[in-house]
Amino acid sequence: MSLDFQHHMLVRQEHLNQYGSLFGGAVLAMIDELAFIACTRTYPGRNFLTRAVLDAEFRAPAYLGDMLEFNFGIEHTGKTSAHVRVEMLIHEAEGGKPVRSFDGTVVMVCVDAHGEPTRVHG
Amino acid sequence: MSLDFQHHMLVRQEHLNQYGSLFGGAVLAMIDELAFIACTRTYPGRNFLTRAVLDAEFRAPAYLGDMLEFNFGIEHTGKTSAHVRVEMLIHEAEGGKPVRSFDGTVVMVCVDAHGEPTRVHG
Amino acid sequence: MSLDFQHHMLVRQEHLNQYGSLFGGAVLAMIDELAFIACTRTYPGRNFLTRAVLDAEFRAPAYLGDMLEFNFGIEHTGKTSAHVRVEMLIHEAEGGKPVRSFDGTVVMVCVDAHGEPTRVHG
Amino acid sequence: MSLDFQHHMLVRQEHLNQYGSLFGGAVLAMIDELAFIACTRTYPGRNFLTRAVLDAEFRAPAYLGDMLEFNFGIEHTGKTSAHVRVEMLIHEAEGGKPVRSFDGTVVMVCVDAHGEPTRVHG
Amino acid sequence: MSLDFQHHMLVRQEHLNQYGSLFGGAVLAMIDELAFIACTRTYPGRNFLTRAVLDAEFRAPAYLGDMLEFNFGIEHTGKTSAHVRVEMLIHEAEGGKPVRSFDGTVVMVCVDAHGEPTRVHG
Amino acid sequence: MSLDFQHHMLVRQEHLNQYGSLFGGAVLAMIDELAFIACTRTYPGRNFLTRAVLDAEFRAPAYLGDMLEFNFGIEHTGKTSAHVRVEMLIHEAEGGKPVRSFDGTVVMVCVDAHGEPTRVHG
């Protein structure tokens, strides 16, 4: 497994709940997009749909102005699916050691033009 | 368990990938918001953070113009956390029998003003 | 008349004006989507466009963290149009009795492929 | 009455329903923001909340790539409220005569720090 | 040169960084849309792509509740391109003299159906 | 100069104009956020505002489903400002050699609590 890709996101007002911490949903939407990118970059010309989310855990909350660093990549490729691992670190605007905030795995299934599962390695 | 709450969403252009099917991320962002609402409606005055996503499975893809119906509610309440079950049906614009498209469970943890876990039933 | 459908929305930072209260526009955009859903769910295979907004009144302001509950449904169906009634309640995060915040009626016209009005009951 | 202010908006993919025409909700959200701007520009230092929408009528549908031109301004000022008139024209990307698409009036109420109605002319 | 068009925007929570001032990106996204509108309104039936941003300078920061007034128009038209000038003023909610906040020029290139540059005046 | 940071973005329906190509504004909004992240990650505890955009050129259009790869980093640091270089590549979903699509420089100014320029290296 290697987390080949990197992504950044700034925590803005629109990502916060009324207590001032990051909504989990903002992260969940992002990991789905990253999983799609990892699969398509690794297997160009293939179409992938989200199949499941595994082991998604939020370990530390993020706040306004925090910079999120995502590291992600293909963890495992099966016959008709791929597992994408996503790990997220928080870098606070004030500096200091980054904190592990979230990790999880997105299972993407490779589908043909009719939406039916098909081999990743055609 | 009872899925006491209902929610609706229309699949729009902005929710689609380039093959015309709904991004999983749009659903994942939504279930997080619904889980937050279910917990706060059930336990007013309590603050909840997303802790994990369990058993999230996408069973059938949705397309432009489909109407998504979410049914959700508290599945189980522990000492410092609550499990929210979310099930999603697709109603096609053309009519016909609704299709089960997604289900999963969001684990929300009840936190105090310092972000530390605290009892749901104070 | 029966308000058959229910919808939820959490008031987030992005919905607020600089005085901290909910923009009316966020509600107006939502009721249009709900009116579309009510018509299409009730009359599958029909295409509807927004024709007018009637009696839309904001009765009490909402604030950050409030949970909005929409109840909506077909109020009346004419030859080529349908009236959708939408009522909105505020549930405060702190609990307490819900407050009636908004109600109004959206007139949707049923149109054919050329955008011309056509009979709802074909 | 004079429609002193002008505003533009391009119809993009995200504003369309599955039949390719503009959602009314996109217009309704916009007129609320414009009403707020008209009141605050005309009566600086005053806080306004949306009170009602009057006579909002959609007269012609807009499509992808159309350019919307809004003309808006204070129509009437009462003791504690102001009526903002908004008219919307469609300019098609291909050119041709602009088409009247929407008009309506937003009633804004002037409120004090407690959200209570107060005189516009203090 | 004449800045024929006017546009308005209210600074909302979602446009702010963690220090409470407007993100430049919100302005940059807006001037691109305005440049597209200015070109298409002036040369209907022509397709334009963004080619470059020139002399874009942020002169004074904007804050929550400020009302942004954009004045924009075609500055110069070349053989296959057009320069759109955009100037932005801040009107504070409290009133007072408007402040010049941003100005810049967007170069738009006129393209044919294959994305190749073509004459503006066909 | 080194472009230390990497970022990804998928071109979705909401980023397209009516001819199906990516709006420049979506890229411009993104480079501003990336410039902010580059400065804050490199100089933690400092506040930066966008001052200008230099040499921003769009070299090749992107389309639906393209994956954008941004490489960015501090190009130069002055007394009270930093120049952030951003380069963008297109990876098509079908595969093939990536294409240089955009590059430019964002000038960020380091400001104190009053919004006045201050030394980057305090």
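We call the chains A, B, C, D, E and F, going by the order they appear; numbering starts again at 1 in every chain.
Here, a residue touches a chain if its C-beta (ideal position, glycine included) is under 8 Å from a C-beta of that chain, and two chains touch if they have at least 3 such contacts.
All values derive from a computational prediction rather than experimental measurement.
Common neighbours of subunit A and subunit C (chains touching each): B, E.
If you take subunit A and subunit D together, the chains in touch with both are B, C, E, F. Note on interfaces D-E and E-F: more C-beta pairs are in contact across E-F. If you match contact pairs by residue number, over half of those in C-E turn up again in just one of A-C, C-D or D-E, and that pair is A-C. Subunit B and subunit D, compared by their mean Cα positions, are separated by 34 Å.
Averaged C-alpha coordinates put the centre of subunit B at 21 Å from the centre of subunit C.
Each of the following residues of subunit D touches two or more other chains: 10, 13-14, 17, 19, 33, 36, 65, 93. Pairs of chains meeting the touch criterion: A-B, A-C, A-E, A-F, B-C, B-D, B-F, C-D, C-E, D-E, D-F, E-F.
Residues 17, 19, 21, 23-26, 28-33, 36, 47, 49-53, 56-58, 61, 104, 106, 115 of subunit B are the ones touching subunit A in the complex. Of all the residues in subunit B, the ones that touch subunit F in their complex are 13-14, 16-19.
Those residues of subunit F that touch subunit B in the complex are listed here as 10-14, 64-65, 93.
The part of subunit B that touches subunit C in the complex is made up of residues 5-8, 10, 33-34, 36-37, 40-41, 44-45, 65, 67, 91-96.
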